[in-house]
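In what comes next, chain A is part of two complexes: it sits with chain B in the first one and with chain C in the second one.
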Partner chain A sequence: MKLELHKMQIKSMAWGAKTGVKDGVLSVCKEDVLSLVKTDPNFLKVEVDLALPGDKTRIIPVKDVVEPRCKLEGKNGIFPGMISDVETVGYGKTLVLEGAAVVTCGKVVGFQEGIIDMSGPAADYTPFAHTCNLVLVVDPVEGLERHDYEASLRIAGLKVAEFLAKSAAGMPADSVEAYEAKPLKEAMTDYPGLPKVAYLYMLQSQGLLHDTYVYGVDAKKILPTLINFTEVFDGAIVSGNCVSACDKNSTYYHLNNPIIKAMAARHGKDYNFVGVIITNENVTLADKKRSSSYAVKLAQTLGVDGLLISEEGFGNPDADLIMNCRKAENAGIRTVLVTDEYAGRDGASQSLADAAKEADAVVTAGNANEIIILPAMEKVIGYPTYADVIAGGFQGSLRQDGSIEVELQAITGATSELGFTRISAITI
Partner chain B sequence: MSYRIVHYINQFFAGIGGEEKADYKPEAREGVVGPGQALNAAFKGRAEIVGTVICGDSYFAEHMAEASAEILEMIRKFSPDAVIAGPAFNAGRYGTASGAVLELVSRELKIPVVGGMYPENPGVELYRKSAYIVRTSDSARGMGPAVQGMAALALKLLDGEKIGTPEEEGYIERGLRKNIFLDKVGGERAAEMLARKLRGEPFKTEYPMPVFDRVAPNPPILDMKKAVVALVTSGGIVPKGNPDHIEASSATHYGEYSLEGVLTADADHYETAHGGYDPTYANKDPNRVLPVDVLRQLEKEGVIGKLHEKYYSTVGNGTSVANAKRFGEEIVGKLKKDGVDAVIVTST
Partner chain C sequence: MKEIERGGIPVVHVCTIVPISQTVGANRIVPAVAIPHPLGDPTRTHEEEVQIRRNLVLKALKALGTEVHEQTVFTD
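Right after this comes the complex of A and B.
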């Protein structure tokens, strides 16, 4: 399965009479976006705004971030099972507006979170301080079920992302990246001298705002299965929005999964990267046992020597991570884990809810409990009073002067367990 | 202007005496005493010891709450910019006392604190998260390098400089996780680590997993009718008045008490020393935590052979793993020696 990513570099974003890209500037016609989103009867009010790198702007509470992409060639559209048909994606050509993002905000449940500051100290922790963001702030009609609100918000972000990309379809790309996910018959015999490896991609599936969708299927209803990594680049995996913003994988992160990219880059050099296994993180013990055993069985079926495992979320999913690790290592498959930590504000507590001696190779995306002070911003997009009730914030965290004292937990994408950022932690 | 330092030392280093003087009560003196001299020299005029607080090690261990309050007041009166304790080398009670003093000063006065200990000193495990403890040798022969390291770290803290890693600065790893930024993103680091692990090359995990001891259960007792059964508790049930002064939290010792002729752990004779749970119900009927009444009944009915004539008690509230492990090993040794067949361990 061959996929070309045609990338256009977006350096800025501005309102315009017509939506389109010219000289690296994405012009957005506000009315086009509003009319696209307002077709959903679940929405009472829709606002759109722009947030650019360096702006003294805060976005809160962020639910998801989506990179503008659309299909140029291939039978199905982007985000299958969501805004396109359920048919297979991951081949042909896909247009990517790199440097641009659609950010969605909404008050889905009582506890809200997700902060993106476009400048200041928090900008070091979130990659979305460095993208040109089109922000959707969407209020539901009265009495709307939270699940329905979440679903509508999710679809709105995806639709706008595709719409923006489509406005540039047909224009020359700045660069083209070619990827190939080979059929197993070939993949198995490639690079005979190198160890075979796979990626075990854990998808959060603990319930509302802790969910993930695969081709439109709620990941809690899947058995672990194989997916071509090119399908991931075409939006086969979509975030069901977030509560814990620091380590819930946004749709943007899935589309640009850095682990897949890094493993693909080492393919044929350090190892033979034969495939990606997706699994879930359900809350019952039976589910955890079933999924971890099934995922490791798939890895054994592929005959891999090594497995890179990424967690999503924290606490309850720590148990899934450790089960996956222990079962794989006991099956003779060497593992590397990617997680983040909850070691308390002073860093003195145990970081994970579970541990195993087999987990001897761990990459950490940092301690999410560490405190950060966010200075007041000139402009706030969304609902600023939510700083008090976000996970990672605490009573009084929004100060009189507009500054906010929060844990990194509240910063969108800060401790990404897909390893999107450069953050790590050491013991002092 | 130089920084004002208060130095905490024990009776031995103050030249008052050894074990026979370990019950020496807290005392404050102006200026330097004993090792303070070397410490002062190491400051090279940038800081000065304005006062020394001395306390006997046994006195501190036995009157922790009282001694702590008194010592804190003595230190406060000197208006220090920082407090240094020790070096305690491998002296256990000295290390524990100096760690406790540093923790208290750091929390109450919010000023920099520095200690010095040998890594195996029990004070390290108890207080390394609360204070910087400089790594020293196991005896006073290493006084020179110890005070040099302690003085240097204290000055850095006082100057508000960034403190480097344990290796760079010479302090014992505090066990605190701290975020840093690396050159590569996490995804690349993981992909690289996998390559190294598969090639059998050295790699460094970014999060060393804590290891939990797992104890395999012993085979069941075949004939309970002959078994000697002992009671051990971390729920803090002690004879009324807590004769061994077991701490309400972060216990440093346990008690051994006779059950000879005791038919029930009643409220007139027993209470809990535990500070980590609501003691109302345990104090109303201590049998709830230490079930002497039920075991006497089982003894009478012939279900068990005999209730062991001694019980062991400590407080499992914030007690360090290192101490808990030591208690366990010692208690097991005693139970084995006394021919005990089974133990019922109760918590809170």
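Right after this comes the complex of A and C.
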């Protein structure tokens, strides 16, 4: 399965009479975006705003972030099972407006959404301080169930992302990246001297608005399965998550999964990257046992020597992470885990809810309990009072002068377990 | 949990994810239903839920009165 990503670099975003890209500037016709979103009868009020890198702007509460993409070639559209048919994606050509993002903002589950600051200290912690953002702020009609509100807001973000990308379809790209996910028959015999590795991609699926979708299927209902990594680049995996902002995988991260990109880049050099297994993080012990056993069985079926496992979220999913690790290691497959930590504000507490001696190669994205002070911003998009109730916030988080004292947990993407972060550490 | 037992009072940990209970060192473990609803099941009728709760509490009380010499999961 071959996919080309045709990338246009977006350096700025501005309102315009017509939506389109010129000289790296994405012009957006506000009325076009509003009319696209307002068709949903679940919305009472829709506002759109712009937030650019360096602006003294705060966005709160952030639900999801989506990168503008659309298909240029290939039978199906982007985000299959969501805004396009459920047919297969991951081949052909896809246009990417790199540097642009659609941010959805609403009061779905106020305490489990995030903060994006476009400048100041939090800008180091969220990658979306460095993208040109079109922000949708959407209020629901009275009496709308939260899960319906979430679904509508999710679809709105995806639709606008596709709309923005389509406005530039047909224009020359700044760069083209070519990817190929080979059929197993070839993948198995390629690079005979190199170890075989696979990626075990854990998807948040606890339910109660902690959900991820695969081709439109709620991931809590899947058995672990194989997916070509190019399908992920075409939006086969979509976030429906209202959960702590620091380590949930927004749709943007899935589209740009840095682990997949790194494994694809090292494929044929350091190892043979034979495939991606997706699995879930469900809420009963039986589900956890079944999914971890099934995922490891798939890894054994692929005959891999190593498995890279990324977690989404924390607490309950720590149990899935450790089960995946232990079962793989006991099957003779070496593992590397990618997670983050909740080690208390002083960093002295146990980092994960579960542990195992087999987990001896772990990459951490940081301690989500670290406190950060966010200075007041000149402009706030959304609803600032949510700072007091957001996960990582507390009574009094929002101070009278507009500054906020919170844990990193509240900042969108601060401790991404896919490694989509800007801060790293080295031991000296 | 550990401090209470250290004080000589037995403890039962009613917990959905048994491996975590084992990792943190609980001695008497009674498996619960699911993380969002450890003592109930919203897919069942009210009467069935009452029975689920009653069974779990009775099982926990039985575990409390059972002498154990190692970490024990009370499945039935």
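Criterion: the second predicted complex is superposed on the first by the 418 of 428 C-alpha atoms of A that agree within 3 Å, B and C clash if a C-alpha of one lies under 4 Å from a C-alpha of the other, contacts with A are read in each partner's own complex, and residues count from 1 in each chain.
The rule is simple: a contact is a pair of C-beta atoms (placed from the backbone, for glycine too) under 8 Å apart; a residue touches a chain by one contact, two chains touch by 3 or more.
Bear in mind the structure is a predicted one, so any value in this text is a computation, not a measurement.
Comparing chain B with chain C, more residues of chain A are touched by B. In the superposition on chain A, A:A425 contacts chain B only, with no contact to chain C. In the superposition on chain A, A:N316 makes contact with chain C only, while chain B stays out of contact range. By the touch criterion defined above, A:L285 lies against chain C but remains apart from chain B after alignment on the C-alpha atoms of chain A.
By the document's definition of touching, of the two partners only chain B reaches A:E341; chain C does not.
Residue contacts after overlaying the shared chain place A:A355 against chain B and chain C alike.
Look at A:D270: by the touch rule set out above, it reaches chain B but stays clear of chain C.
When both complexes are overlaid on chain A, the residue A:A173 reaches neither chain B nor chain C. Overlap of the chain B and chain C interfaces on chain A: residues 355-356.
The part of chain B that touches chain A in the complex is made up of residues 129, 163, 165-166, 173-195, 197-199, 203, 205-212.
By the touch criterion stated above, chain A contacts chain C in their complex at residues 206-208, 283-285, 288, 316, 318-319, 322-323, 353-356. Chain A contributes residues 124, 195, 197, 257-263, 265-266, 270-271, 305-306, 308, 310, 334, 336-339, 341, 343, 346-348, 350-352, 355-357, 359-367, 370, 408, 416-428 to its touches with chain B in the complex.
Those residues of chain C lying in contact with chain A across their complex are 16-20, 23, 31, 33-36.
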